[in-house]
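Each of the two complexes below includes subunit A, the first together with subunit B, the second together with subunit C.
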Partner chain A sequence: MKPPPDQEQTPTGDLNRRDFLKRLGYASALAVTAGSLGFALYDLKGPAASKGQKALTGLGNYALKTLASGPGKMAIVRGTDRKVMVEQGIKALGGMEFFIQQGDRVLIKVNAAFATPPALAATTNPELLAAVAALCFKAGAAQVLVTDNPINNPASCFEITGLAQAARTTGARLIPPHAGLFAPVSLPQGRLIQNWPVMAGVFPGVHKVIVISPVKDHQRAGASMTLKNLYGFLGGRRNVFHQDINGIITELSQLLRPTLCILDGTVTMMTNGPTGGSLSDLKETGTLVVATDPVAADAVGVELLGRTLADIPYLRMAEKAGAGTADYLKLQPAMVNTSA
Partner chain B sequence: MARRQTKVSPAQRLTGYVILTLLALITVWLFIQQSRFNPAVLVALRAPALKGHVRAGSGAALAATAALLPEVTGFSPLAPVESYNPDTLSNKIDGKAELYLSAGFKEMSCRMYSLTGPEPAHVDVYLYDMGTPQNAYAVFSGQRRPGAPGLSLTANAYGTANALFFTQGKFYVEIVADRASEPVKNALQTYATALLAKLPAPQGEVKSQAAAFPKEGLAADTVRLSAADTFGLEGFNNVLTGEYTLKSGKATAFLAPRHTPEQAKADARRYLDFLAANGYKKIPAPGSPEAVTALDLDNSFEIVFVHGRTLAGVHDATSLAAAQELAAALQTKLKGKP
Partner chain C sequence: MRIVTVRRISQVFFLALFLWFCLAATLGAAFWQLRGWPINWILELDPLTALSTSLATHSFYAPLAWALVAIVLTLFVGRFFCGFVCPLGTINQLTGWLGRRGQNPAARVEANRFRRAQNLKYYLLVFLLALALMGSVQTGIFDPLPLLHRSVNLALAPLADNRLGLLSDEPRFYASAWLLGALFLGIVGLNLVLPRFFCRFVCPLGALFGLLARFTPWRVGKTTDNCGDCRLCEEFCEGACRPAGKIILSECVMCLNCLNRCPASRITFAGRPSAAGEAGLPDLSRRGLVAAGAGLLLVSMWDVGGLAKANRNPNLIRPPGALDEDRFLTRCIRCGQCMRICPGNILQPALLEAGIQGLWTPMVNFRLGRSGCQPNCIACGQVCPTAAIRPVSLEEKLGTGEFATQGPIRIGTAFVDRSRCLPWVMDRPCLVCHELCPVSPKAIFTRTVYETVRGGRGLPARVLGQGVDLYGPIPAGINLASGDYYLRVTGQPDAAHRRITGFSGNRITLENPLAVAGTQVYYGAKVDILVRLQRPFVDAARCTGCGMCEHECPVSGLRAIRVYSENESRSRPGRLLI
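Moving on, here comes the complex of A and B:
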């Protein structure tokens, strides 16, 4: 007699249809339960700053320890080709291997504040970013991260400035801002940066920090260069700091000590900064600064803008706070001319 | 039908227990690792990947100016229109928003375009509603590029190699390309004409502000309306300035019309106090009327006087003679005015 359909044996005789369906039901229920549990526990935003969370006191000191006792290193490079200029400038300081060791994870802070094309020079030049990232990888960097916090529409800012493409072509990883990256920071002796959200989440695991900035006029600060570029690490309604722009930039100089600062004055935005808009706002100043001291680098930038230190008060204030020296000649800069 | 029991050998049972133990150990290890997860890895893994295209901005809801941006052949929008209000403007132009806010900014809409055709370009258009023609003129003149030729588009318009800037009534407009060429410039003009056709007809348009100043020696493209904190004095607002090159030196003339003569006098006192606090000393100005006050600091000369309800004067003259010459010309120009 033929057994009923639900009692049919498998060809091997080990499993009948009912057992199979039961097991399938159990397995499906288990999978759904596990998946639901995982989905319920998944934190899309990551660990956000919360009340009671202990505030950080800064973003870290990434300056080379070997340079701690001296005045630092600087190269002032003249020319027009940013790639050649940065390569020659870093070579003059001992090569990228002096700054980046095998296996280092390098964070590059760019200025991607506005969604404007590179020709308008309101943001870090993408060719320069690509050249620096390539040098880092060549020196043995395990990973190169590129970041900034343009408040408005970061994706557009990174794309239109060409910085996303530059990162992609060199193998660097772009880290756009998101809530999980921000943590409260209270700067010791800080007056303005107190329990303020700062993009600290990009720093853990990072060994070296390079800041690449354009030289620009700035309607509030007088000039936007290396130190002003650090403003991009701030989150929240940071425009409130514009009421004390010199104070906030001075505090930013205490927030982070970069390994290397690259100040791009190949083309300088002389007027109507920081957004510019007209090519007539720009001037070919043919200078690129590579320095370990952000204040010294910016002091060169001030000259490119045709201004004096008195016009940019935050530089003297940052110097007084110990962030570096405005007398950049103390660094005995290597002078390199790539046009020759 | 009775379920058939599967026979499991001791070796199979042992293997099963070993696998289950290993899985349990891995679970415990994962929990421990999760509790001290390296944030750098977290960042690298969780950073939302950028999409390789441009998205619309996250400004306020679309404002009235958004509807005024025209559709023009050859201009392909790269993203939807964005609008910004006084609370969000600094999200778009961080570092420059205060210039607009201090001049009475109401709202702004902007859009990115790809200019197609023989000379492709990236074009940004910004349409600012500044509330009044005076406010629009303030931001227009405050950013005027020296030497840029004026255009006949409107009463206040000029162009540079890659951009057009103009006011129309209460609106201030910037049309900016990322390159300079004749075809691109012509395309920008076409867009500007289409935009002007959609803007309301001007009412109370600020005509040439240069007409308020004596002509001789004035560089017309330097005439500016400073909306706030003129010459660094907080609250010294709505001051018209113009730069002069005279035989006796260079100087800047200023005119600050007020509602009443008393207000003009009060502002004059405040400005004189401000100069004194910054180290300026009163000096005699032979040949000048008594009501004129002259000051000097390191060969930078200032003259301040009040005519009716207008506070006027000369700022940062390179010589006393230049300051006096310009002050006299200003007084002549103001004669007969309230």
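Moving on, here comes the complex of A and C:
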């Protein structure tokens, strides 16, 4: 670097006041900067054991507050055509207009866990999704979002299950599980969901939540239905919770209270669940449940699987935790038969 | 229009086409993503890939027939590919040009003089072809087209995926991506040392084109040897082929800057020899060529190592449809297309897992990515430009339809590690592997046992039908009411055990009353706390090695269930079941 001109003019060894003061000024300014930076960043305690994050306390309660005035909390529909069944079922509960107000933003949680075709019934049926999304729009929903955090590659899952196509044709918006959507949640009464990443980013601005789930065998949990479907909101290495599968599903029932639960037992995966993979794993059970109570809906599913409440401990546990009632007949479900 | 303008348009076009194919090679549902776009087309134009795989396999794989177009054109007009098409050539030319802006003409001419080291690429070509002749295709390591695809697929595109979230929905991970990225940056950076450094000294594809250009009827030359000393033709000579003097035709990359620059228009591209004399090739030394032929020996020595046979690496799992190891290495050019496509992101470039001869070939790593090998996916075989991974159909992969008798394609077999598995050694229920096994009926099955938990034997208790009060320290760290724990009277191994449904204070609630010697109330009883464990086993006859289990196993470090290459369909020595 070239020395500054005034320095050049000064013979070496001579005191130059101007130059000295300037240097004094620079040095002091740098010293003050260093000192203030050090003061600003001063950390007396040293690092904490883990990164502290502000955690949410849940995904929210989307259950209708006006439910008591409605015609019912549950409909059990028999038939084979999912579109007709779900329309009749929702009609029996007062129609979609009862649940969805003009301008609502509706979030539909599907089960898109695996990249398998709809015929294998390991995932939410796309025709059913299309029918529900259409009903939402008809009732005045401004936007319908569809999401899940699947086990296989999300793009493959949404495409191969037909759910992406169903969303496209009805105008619903598919939300893949981007990393940015996950935020830590600590359930106030939770033992397992503590500072755990949950897909909370899809919820801001959402008014209603509908969960659409298939009925499937599940060796560890006994059955995979509505409540187990909520597992798909968890992020991270969520599989560690399988050590206490009933505990985690019970906590999931506290994580989110949906507006409406649709349990699709038109076809039930009786064996080899929850992946299935063969038509021989399936059985026509011709039942679809529309309910505001996830525990009650799942209790019907248990019967479709030929099991009892004792085989699926998490239902009684969720009931005790206040998520619903396992004795679904208490809700006096409307019985609808669409095949007649 | 001036010919260099045409060249620049062509270069921009092919670079843009290349980038578009890279973009289209992204997994996703959008129209610009994988939709049958011809993303391999530039790789298929590559005569070096065609030649080396033909030497190694004694056959000419149909999609590589595009290479004939490049070959035939080169035979007539020379290395047009280097000057007009090659996307790496364009990147090199552009960086070399940017790095030399403002330099004086003398320095430019000096940078563009012919150097003997340019012969190296011919020796490298001979070496690689010798390897190919012996059945080991290594051209892709240096061949600019696979090299560029690999660099973008595994190092650059993931930056756009991960940091910016531009291409893929999810971040993509590639083992040793830094190395591929550093090599690429190194190649680009060397252009600051000399223009088109890689093209001049290393590129074996350029060397092959140089040889093919030996008899081109049309070529660059001077109309008269009688010209001044301006050297303007060499100021921007990309190939360092000595256009001012006795031109070396094999080095001419057809940048055609000399035509454009010559103030007297004494340089032409025409069907006659240069008036200043011409050489077909630089002077290659016989010694160098013989030394390069040592590749013949190298492959034989690789065989001595037995990596494809008895000394197989059990961790080397190849994608479904991959040929047996010997034949796989006669085709794989390490372009990375399969690894870019894989929706699970589990296809990874091998470093030394397949030996040095398998550098950057695709192998499965079930610890990375989103899931195991998805049963309904055949993407890797569909994009492989050389059929190192065969383009199998879904039916063949799953073993359905006409493939029902031969069964599904297996890439390995899962083994339960009983020293790490939670229900095997830690008294914890788990069963994630079983849940995710996608085969029907599942390849993973379970056997149920009831084990007395640690500190749970012979606890003093008062039994009151369904309620039991425990007097004694209750084992810590377990949720007794989780539905997985049971109570049994001590010393009566055959007595019915009852599921615990509730627990508070020291009071345990049971699903059914615990009968003790016929009475419902019993003081001074002793009870055991049991945990119900479903322990996983693998039915090797059903396991396809898809690795869903390994990927999802909650023992997150070294997984408690792992897939090894045993029983993979592609290899005979790996056969496990009789």
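Following the convention adopted for this analysis, the second predicted complex is superposed on the first by the 282 of 340 C-alpha atoms of A that agree within 3 Å, B and C clash if a C-alpha of one lies under 4 Å from a C-alpha of the other, contacts with A are read in each partner's own complex, and residues count from 1 in each chain.
Please note the rule applied: contacts are C-beta pairs under 8 Å (C-beta built on N, C-alpha and C of every residue); 3 or more make two chains touch, one makes a residue touch a chain.
All figures in this text were calculated on a predicted structure; none of them were measured in a lab.
Superposition of the two complexes onto subunit A shows a clash between subunit B and subunit C.
By the document's definition of touching, both partners, subunit B and subunit C, reach A:Ile160. By the touch criterion stated above, A:Arg316 is placed in contact with subunit C alone, subunit B being left untouched. By the touch criterion defined above, A:Asn246 reaches subunit C but does not reach subunit B. In the overlay built on the shared chain, the residue A:His178 is in contact with subunit B and with subunit C. Contacts of A:Pro274 after superposition: both subunit B and subunit C are touched. Legend: residue contacts after superposition of the two complexes on their common chain; A:Gln143 is shown touching subunit B, with no touch to subunit C. In the superposition on chain A, A:Arg220 makes contact with both subunit B and subunit C. Of the two partner chains placed by superposition, subunit B and subunit C are both touched by A:Asn152.
By the touch criterion defined above, A:Arg191 reaches subunit C but does not reach subunit B. Steric collision with subunit B, judged by C-alpha atoms after aligning on chain A, is confined to one stretch of subunit C among 27-35, 171-179, 207-215 or 261-269, namely 27-35. Overlaid on A, the two complexes show subunit B and subunit C touching the same residues of subunit A, namely 114-117, 151-156, 158-160, 164, 176, 178, 180, 218-220, 239, 242, 271-272, 274-275, 277-278, 280-281. Looking at the complex, you find that subunit C touches subunit A at residues 27-29, 165, 169-171, 343-345, 370-371, 374-377, 422, 428-432, 434-442, 446, 479, 481-484, 499, 501, 511, 534, 548, 552-554, 556.
Chain contact summary for the complex, subunit B toward subunit A: residues 1, 3-4, 6, 38-44, 46-48, 50-59, 79, 90-99, 112, 122, 124, 143, 145, 147-148, 160-163, 165, 174, 176, 178-180.
Residues 7, 13-14, 16, 19, 46, 105, 113-117, 119-120, 143, 145, 151-156, 158-160, 164, 173-176, 178, 180-181, 201-202, 204-206, 218-221, 224, 238-239, 242, 271-275, 277-281 of subunit A are the ones that touch subunit B when the two sit in their complex.
Those residues of subunit A that touch subunit C in the shared complex are 114-117, 151-156, 158-160, 164, 176-180, 191, 218-220, 237, 239-240, 242-247, 271-272, 274-278, 280-281, 310, 313-314, 316-317.
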